[in-house]
Amino acid sequence: MSRNKKWIWFGIGAVFSITLPMMVSNPYALQFFINMLLFAYLATGWNIIGGYAGQMALGNGVYFGIGAYVSTVLFVYENLSPWVGMVLGGGVAAFIALLMGRMTFRLSGSYFSLSTVAVLHVIRLFVLSSNRLFGYETRGAQGIYVPWRGQSFLNMQFEGKTEYYYIILAFFVIGLFISWWIKTSRMGYYLAAINTNQEATSSLGVNVMGMKLKASCISAFMTALGGSFYAQFIMMVDPSRVLGYDLSVQIMLYAAIGGRGTLAGPVIAAFLLAPLNDLLRAVFGTTVSGLSLVFYGLALMLIIYFIPQGIWPYVSEKLKEMKGSAK
Amino acid sequence: MIADKERRTVLEARNIVKQFGGLTAVNNVSMHVNEGEIVGLIGANGAGKTTLFNMIAGVFPPTSGRISFMGQEIQGLPCHKMCRLGIGRTYQIVKPFVNLSVLDNTVVGALNQCKDVKSAREKARKTLDFVGLGHRMDVSSRNLNLPELKRLELARALATEPKLLLLDEVMAGLNPTDSGRVIELVRRIRDERGITIIVIEHVMKAIMTLSNRIYVLNQGSLVADGTPEEVSKNPEVIKSYFGEKRYAKN
Amino acid sequence: MSIYLQSLIDGLLIGGVYATIAVGLSLAFGVMRIINWAQGELLMISMFISYWIFTKFGIDPYLIIFLTSAVMFGIGYLLQNTVLSNILARETAREPVSVLLFTAGLGMFLSNGVLALVGSNPVSVITRYSGKMIQAGDIYISLPKLISFVIALICTLALYFFLQKSEMGRAIRATAQNRRIATLMGINQKKIYNIAFGISIALVGLSGSLLLPYYTVSYSIGATFSFKSFVIVVLGGKGSVVGALAGGLIVGIIEKFGGLIFSDTYAQMGVFIIFVLVLLFKPNGLMGEKEM
């Protein structure tokens, strides 16, 4: 695609996404788009460690949960603005990612995958079984409700959904920019090299361990911020919502379906698949739960079997071929 | 050519020992390499050549002994630090980044000494032109043939701007025409870029014509060293090395 | 004192079944270098199959093991023969990532499929011997747990001898050590993979039937079992049957002791802590061999 064409597409996207809340008056429909953006953002975050660096993190949901809990607890009990709380939550998440990476990156890749799930399970169990965490009442499986303290930007509380839409849109744009920046910078080259051959990469002067840790921390930080936003948006946190294993797989699968290691792939897949959840709920109601995840699981299996590189690389290759034959 | 004594020592290894469990892979080897030299390292399979390379390149530390590079002790430093100091290497079995284009493969190396991606891309382009892969820049490295992959390995290592280059069997698997080209290229690397080179090679003709000096390893120990003529006359070497027909063929 | 002995025995009994599940995972990991992330979900499916057969036909769960292990062997064999083998053939990396993704998708599909079909209510069975105890002094041994343990142990040991002594077992071990050389020696790699994966899933089928008489099953138990099996494999060293057996027993005992002294949840976390400690100090497992 030529540079001009890219900017035109970008412009169309920008105008559409900014004016969207004015076109969509139904709050339910807006929630639809908020979900899409949230998952596109999360998948973009996962893609940094799982796609660019090729380290199969399967428990990224834990950082989502950490972000959600840290900002919520601080908001509810300390009256700290979620904007500050989410940065702290991101810090905690990045620290845990650093700790686990330090231990498991020395070993083969599958141990890293295992460790990410291990952290997820232990933190989920810990939160699930504790009524109090670090002196704050978290009420185990029941979770915490976020009290309404009046519409305010500082509290990240709004009566309508429009403001939430713009916040997650900003998150998404910034996340996409970070992802683009990493991909095109020194780090992007290094991560792509690490993805295929770590030994050769280190022989070219790259601190492989350091790079993987950096990627892991950035990914964890981004995911945690998404968790904080989600908690403020639905006004509650509980372990099954923000610390589930399925959520982790879901974050990962958008990137895997869309195309690991590509900038646009995770976003495209999230835009295509995330609404499925809301659609199915609209059709079947809440009587049949888990149906969207059945489809996600199936979609992941089919994609891995038929086009393992993911939708986006496949489609762009086909487009190129078509252009080539047109000439 | 400058006399040996006037040159700086680039690499000096003293009493290097490497043990894997009970097995001694490298046994008390000492060697030195002067600036601007091409030094050959020969020996049968399992003689410890690649093990020695791996220690110089920082893949693993020696069990005992010292390695100094440009006057600085470096034994036990990790790979990436060795590279940043100026030791580049290629692998016996090529390790291209198959998900990247030829240019991007080389950019990864070029970033070692470049401040930004733009200048690294520029340097990578020049390096690829230098090794004769300029016309294949935008191809995925997956689609290269073996002679091209060997050149890519060279380009990647060269792009890191090494002072010392370790070449592990860059001619293995190549036909005589292609290895002739690589010999030519290795010479140019030394002559035009002033890079000191250590080569491991099985192709005897190549190593005899390329090297200023040769070290001969046998079962982990140094059995001879000297100019190609001296080494090829050494009875120990003839017995342990040239006695085998398959090496003499080339 | 007897309360501790009681926990020890309880731990051993459940640990035997854990071991059988983990041996299957370990076998696939060792031979094919793949981690089957759907191991726990396949166990859950096998428990539901057993449950269904028991409630429909009233067949004793311990007789169902023949059926479930045969069916699951077939499923594993077919899955590898028709799907996984094609995915593996495309992979060049030493640890095939796409199989990991595929099985993660499979796990998600299975657990949520069950959720959509039968709902989230846990189910369990009551058999003739449910609640039956053998008393020895102060110690009570649950009869179904004991029977399950003995069967699990016999099957694990049988697998061990199969791998050590039989022609096929040797071929499987050879492939685990070096698939390229094994292929050169005339071993049909795909067939070996089919059988190894078949056995791996058959063990899951077996364990499902063994757990049913005393374990409640619901759609969500898969993830915890998968994770427990991973811990056991890491503990025992991948590919090692004896290691997995020991690991299973250790995890079982830790759970029961932790449950006795602290709480069940903390016991689960104790299992995780062991995982981390093993990764830190014995990354190749307690009995595993060094990586090549």
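By letter and in written order, the chains are A, B and C; residue numbering begins at 1 in each of them.
Heads up, the rule we're going with is that a contact is a pair of C-beta atoms (placed from the backbone, for glycine too) under 8 Å apart; a residue touches a chain by one contact, two chains touch by 3 or more.
It should be emphasised that the depicted structure is a prediction, and the values quoted were computed from it without experimental measurement.
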item: Chain-level touch network, classified as line, ring, star, complete or other; value: line
item: Selected interface, A-C versus A-B, where C-beta contact pairs are more numerous; value: A-C
item: Geometric centre distance via CA averages, chain C-chain B, whole Å; value: 48
item: Centre-to-centre distance between chain B and chain A (centres being mean Cα positions), rounded to whole Å; value: 44
item: Separation of chain A from chain C, taking each centre as the mean of its C-alpha atoms, in whole Å; value: 31
item: Residue numbers of chain B (touch at least two other chains); value: 98
item: Shared-contact residues (touching 2 or more other chains) in chain C; value: none
item: Complex contact set, residues of chain C against chain A; value: 29, 35, 37, 83, 86-87, 90, 94-95, 97-98, 100-102, 104-113, 115-116, 120, 219, 223-224, 227, 230-231, 234, 263, 265-266, 268-269, 272, 275-276, 279-280, 283, 291
item: Interface residues, chain B side, partner chain A - complex; value: 57, 59, 78-80, 83-84, 88-89, 91, 95-100, 104-105, 107-109, 111-112, 116-117, 120, 156-157, 160
item: Chain B-facing residues of chain A, complex; value: 184-186, 189-190, 192-193, 195-197, 199-208, 261
item: Touch list for chain A against partner chain C, complex; value: 54, 56, 58, 103-104, 106-111, 113-115, 117-118, 121-122, 125-126, 128-129, 245-246, 249-250, 252-253, 256, 288-291, 293-294, 296-301, 304-305, 308
